[in-house]
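Next come two complexes built around chain A: one with chain B, the other with chain C.
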Partner chain A sequence: MRVFKPQEAQPAPEETMGVAAWIRANLFSNVPNSIATIVILGLLASVLPGLIDWLFIQANWSGNTQADCTNDNGACWVFVSAWMQQFLYGSYPTEELWRVNTGLVALILVIAAPYALPKHLRNTVGVPLFLAYPFICAALLDGRLFGLEFVSTDYWGGFSLNIFLAAASIIIAFPLSFLWALGRRSDMPFIRSVCVVLIEFFRGVPVLALFFMGSVMLPLFFPEGTNVDKLLRVWIVLILFMSGYMAEVFRGGFQAIPQGQYEAADSLGLSYWQKTLLIIFPQVIKVSMPNILATFIMLFKNTTFLLIIGIFELLSTTQTALTNSNWLGGHAPEGYIFVAVVFWVCCFGMSMISANIEKKLDTSHRN
Partner chain B sequence: MLKFSSLVAAGLAVGLSFGANAGTLEDVKKRGMLSCGVSTGLAGFSQKDEKGEWSGLDVDVCKAVAAAVLGDASKVQYKPLTAKERFTALQSGEIDILSRNTTWTHTRDTSLGLNFAGVNYYDGQGFMVSKKLGVKSALELDGAAACIQAGTTTELNLADYFRANGMKYTAVTFDTSDQTRAGFESGRCDVLTSDQSQLYAIRIGLKDPDSAMVLPEVISKEPLGPVVRQGDDEWFNIAKWSLVAMIEAEFLGVDSANAADMKDNGKPAQKRLLGTEGDAGEKLGLSADWAYNIVSQVGNYGESFERNVGMGSPLKIARGINEQWNKGGFLYSPPIR
Partner chain C sequence: MSEEIRAKASSAGSMLNNPRVRAILYQALLLFGLGYFFYSIVSNALNNMEARGIKSGFDFLFTASGFDILMTLVPYSATSTYGMTFVVGLLNTILVSIVGIFFATVLGFLIGVAYFSNNWLIKRLSVVYVETFRNIPLLLQVFFWYFAVLASLPSARESLSLGEVIFLNVRGLYLPDLVGGAGSSIVYGSIVVAIAAIVFLKKWAKKRQDDTGEQFPVALTSLGILLGLPLITLFIMGVPFTWDFPELKGFNFRGGITVIPELMALTIALSVYTGAFIAEAVRAGVQSVPHGQTEAARSIGLRENRIMSLIIVPQAMRVIVPLLNSEYQSLVKNSTLATAIGYPDLFTVFVGTSLNQTGQAIEIVFMTMAVYFVINMTISFLMNRFNASVALVERK
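Right, the complex of A and B next:
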């Protein structure tokens, strides 16, 4: 009887295996690629050693004052560590810092709640908590409502302010922009034109111009003695700016929903709001999520623009630190590298989270 | 652009002036806090430290006014302002006094609805050279390459000065003061020009500050001083005389250490200043010990100068024209009597 004898498995051809093959396939596949690889490697080789030497090897790490930066050939990270509290919290009183930390932890909890909560609690507990967060957090930082020591907004600052402003703006802008987007699609001419004007104004005017309006022009229109807090004015500007952008994101989402969905909802006899909230909204969210998160990252970075109107967020705190007469040693590279790294880490983290959310929301029938 | 914006600001200020209420003093007393506009960061003038505490020559004016009005120099709410915002903040009543290295000019004083309460620092454009050059006066700078920051009046003043003295120069322009310093340090120019107060800050930023020196010539006038709203003369007087009290205290030899002693044992002029004689405080609508509070809590002008920008600070700015009149400077305070 003849028995089928499978041949011994052969290893893959030599030239497609191992490191050398990978390098050949990816870095030196043809002449232009080879040249590009060599040029890039050459550049890295000329820049990296010096950079690493300056950043880490010769850097000054410990101490409290500029005098501790004894090695001129290395970065003075003492500058960053000495100013760390200012960079993170601004001038918020040290003994009250727990309030800022509570706010930050609460933000993480509010974001994590939809993951952790059982499904039936998400809409009844998770969403209201999310929407109430900006107000609770602002009240906590301010302190008066909870009977804590009052901390005026002049003392808020640092990176925590960037985070709070961005988070609080987007959370409030979320429902607002949804309403604007609905209004823009409405059949009622008055509502539609109001929404179009709002959206186009806040989308069309540069955010810097809006900040200037909020900080320089608005106060002149208030009657004397009624001072709306500068930070509050800026917050409102951020919310409106964000709403303008998000409304267009949502409009894109609305347009992506097939007409059949609207008609199906109508034929079931659902009211306008039932149709919008139960049928359309969930699908819009799903479609728009990548853009919403991209917009959020943009807004988060835009909070650094506040430096031009003298609010001590991270970047302007850094600039202030650079002008202190005890630190006039040209620490700008260290300061700006620190700011860049902090923002990059946060934005990259948000990109990861957004990719995760997209995956979670992806219920399409693609295979 | 500057002209236009100041016109707009002036128009708005005029439009609003009917609403201006005249009681800044009452407002400040009621609030228990002085709201003071300062710079977001200018070495030696208004700067925040790692603890978030404000200090500086301009900040000391805020403290002096708070000490005079509220009896406590720490009762100040600092409002960091950018150059563009500063006048609006004052006009709109967001701040009670602006002490933010603001140059006293005709336009600002007459058309913005503001009053300058005096001068707390006489600044002006100067020159910094490397000591290696061996130059002792700006008049020896013929043919020099000058590092300047682009788009500032510095550029115009420099051109005027060199032309007036029949000298030539090459301009090397930079965008920021950091870049200007780097340019100077790398030897791209022989001389760096900027406001004197800035020159000293730039000098410390050099790798070897002792290798450079600031020349004595000053080629423009930049009197910097605190500003208040127009139309509230009571408050204007308080701001003006708080500054005068600091300068007068130095002139009379009263400082934070001996103020308590002088109060009872001083000469008549010292006693009048410190409130044990006369009614200077009452006439201002303040308590009798208004100036005593300033001197004992903030110090006299000389102390404030040395501590913030002078020899007691890293900036090491010489008193120069900011010295008392009887020592060769411009500080000449009207007598308190």
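Right, the complex of A and C next:
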């Protein structure tokens, strides 16, 4: 007689979920991996506590002068807080700072306008406001046009100047680079070669050389006796530099548009500009938006190069503060960390936005 | 009706509707505008230069410069000409570019590959590295290394040393120098011969594999040739090399090779910054290879290391190389930041000092721009050649 013999129960499967399993799979999967993990953890353990101690725990937070930095084992953040106004606004007069703040708020509004405005107002109100922003903002900071107190560009500075210069340049570079990109695709040989030379020139030359061109060569090109403001010359150089790079971005965008779109627009009987602005441009913007933002991040970081020709942007102000006779305690690490964090937050934030837009605009026309 | 249309067609209004006529008109307008623009800036420039007493022309290149340069690769003194200044600056620029490109590539590939590690910590560190250094302005990084890190190194007497051979202090990095005696050129020559032999061997092995299907261990043989041939010549010639070690004499080190802190700071900053971008390019390149490629390679029985070298890397290179091209070019352009810390590159000595002394802005700025243009064209040419060798060859 056969007797039913149940099979032995199998052991529970190896754990594949939970903390322990995750650690085993990702940190200690084999011998070299385990060694690497231990070495990295050891390094972090030897560096991080001291760093955190210096940065936060033993740091000097309150006070106004160098004498308030009593603890030598910690960072002297008093240096940053004492110079904060200079770092943000340069030597712009304190009682007129509302103008700089208004300009910054207006920038946010102008950028947000297309999202907030009803659809039919976008092209008629949003776009002209966007394009007019640099000029209105410059007039506001300057003050003469609005009957406010005149503030010479020598006093403009700090991080707000980095933002204004970068924003004002890309806004003007937008239409200009689009024209250059169109010119590069044009059938007219002379227009095409002019655009190619322009684009390749501004892309192929170091931006510092362009800034020097703006500061030492451009004055020679203006009629005798005209004195063009230094910041205006820098702005022109930045616009041209940015246009060169953006034109290439747009060219990439144009190449991504299927030929059928042009043919369809032609068969509808649209004129060249109707076809370009109503059919092609919206699609080009869509595919090139991430690259435009990447180019803008590069421009934004490159505004620090203006230090070399004596524009008082954030890094330049920091260098001045570091050599100030009241602050000769070697605060370079604190100053540089502050500037680095400010730029990092802005650039990383923009690259996050760029990644977001890329996801949002991706309607998966790709193969 | 049809006559009406014909009548219109001959009128001047519709001449403007003819695309060909309009094209000529637009281009004529542009030509006229550009002509006027150039005419006015040239005449303004001539007037201005006359008013300020600036000479024009390239005669200044043959006059004595009257200033010394911190670091020169060729003999140079204050009595040398501005032409010589140009050469010294150019060589220093090329030096920092080549060293920077080398380290940026090594760093970039290491960090980029680290992203694909199955160790979570290594992967995170790679991401943190890229996101940190990519988003901080390069000039700030240069300042950080120069003013915050290298400036806080110990003085010459308390130098950090590695086996009493390599020294590091606030004045720079001191390395031993290899001095070649009689017969050293033959050893250098044997290295060239070895490289030529390897190229030849690779071609022969490929042809043999194409013809007969037999494989030849190219990598091992190449390594053997590359190490063996120079070593044999080295011993035949009786080791015609001596080391020149740096030594502390008085307040400073003598002998060996000195790497000035300006060069160090600039090279570190350029390599670290560009390395972050290259790492991103490498990551994008490897990710662009579909996983199916690995699976297909496994299913036809390739070993894991052969999958990497024969299947993944060649396909990833197609994406990586064009990106590398533009990163190398931007590294060269960014090397102009030398002027912020005083490393004597072309920009510092020529656009900085020479322009200040001679005032010949137009000549100097254009010469400098042309140099960077030529360097970048050369990089572009070489990388495009390289790109053509890795590009997808499609059936015609």
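The criterion applied here is as follows: the second predicted complex is superposed on the first by the 341 of 367 C-alpha atoms of A that agree within 3 Å, B and C clash if a C-alpha of one lies under 4 Å from a C-alpha of the other, contacts with A are read in each partner's own complex, and residues count from 1 in each chain.
Note that in this section contacts are C-beta pairs under 8 Å (C-beta built on N, C-alpha and C of every residue); 3 or more make two chains touch, one makes a residue touch a chain.
Since this is a predicted model, take the numbers as computed values, not measurements.
K.L.:
Overlaying the two complexes on chain A, which is it for chain B and chain C: clash or fit?
P.N.:
Overlaying the two structures gives a clash between chain B and chain C.
K.L.:
Which partner chains sit in contact with A:Val100 here, chain B, chain C, both or neither? Use first/second/both/neither.
P.N.:
A:Val100: touches no partner chain.
K.L.:
Which of the two partners, first being chain B and second being chain C, lies in contact with A:Gly204: first, second, both, or neither?
P.N.:
Second partner only, chain C.
K.L.:
On the A-aligned overlay, A:Ala173 touches which partner chain: chain B = first, chain C = second, or both, or neither?
P.N.:
So A:Ala173 meets neither chain B nor chain C here.
K.L.:
Quick check on the superposed pair: does A:Leu240 touch chain B, chain C, both, or neither? Answer first, second, both or neither.
P.N.:
neither
K.L.:
After superposition on the shared chain, which partner residues are touched by A:Trp344: those of chain B (first), chain C (second), both, or neither?
P.N.:
Second partner only.
K.L.:
Is A:Ala332 touching anything from chain B or chain C once the two structures are fitted on A? First, second, both or neither.
P.N.:
both
K.L.:
After lining up the shared chain so the two structures overlap, which partner does A:Cys137 touch, if you call chain B first and chain C second: first, second, both or neither?
P.N.:
Neither partner.
K.L.:
Given the touch rule stated above, what does A:Asp72 touch, chain B (first), chain C (second), both, or neither?
P.N.:
After superposition on chain A, A:Asp72 lies in contact with chain B alone.
K.L.:
With the two structures laid over each other on chain A, which partner does A:Leu293 touch: chain B (first), chain C (second), both, or neither?
P.N.:
After superposing on A, A:Leu293 lies clear of both chain B and chain C.
K.L.:
Once the structures are lined up on chain A, find the stretch of chain B hitting chain C; candidates are 165-173, 255-263, 273-281 or 327-335.
P.N.:
165-173
K.L.:
Check chain A for residues that touch chain B in one structure and chain C in the other, and list them.
P.N.:
Shared contact residues on chain A: 212, 216-217, 219-220, 222-224, 307-308, 319, 322, 332.
K.L.:
Note which residues of chain A are touching chain C in the complex, please.
P.N.:
For this pair, the touching residues of chain A are 26-27, 29, 33, 36-37, 40-41, 187-191, 194, 204-209, 212-213, 216-217, 219-224, 297, 301-302, 304-305, 307-308, 315, 319, 322, 332-333, 336, 339-340, 343-344, 347-348, 351.
K.L.:
What part of chain A is in contact with chain B in the complex they form?
P.N.:
Interface residues on the chain A side: 72, 82-83, 85-86, 90-92, 152, 154-155, 212, 215-217, 219-220, 222-225, 227, 230, 307-312, 316, 319-326, 328-330, 332.
K.L.:
Could you please specify the touching residues of chain C with respect to chain A in the complex?
P.N.:
Residue positions touching the partner: 23, 26-27, 30-31, 34, 40-41, 44-45, 47-49, 51, 118-122, 125, 131-132, 134-140, 143-144, 147-148, 151, 329, 332-334, 336-337, 339-340, 347, 351, 355, 361-362, 365, 368-369, 372-373, 376-377.
K.L.:
State the interface residues of chain B toward chain A in the complex, per the touch definition above.
P.N.:
Contacts found on chain B: 12-13, 16, 19-21, 27, 40-44, 47-50, 52, 77-82, 84-85, 88-89, 91-94, 178, 181, 201, 204-205, 207, 308-309, 313-315.
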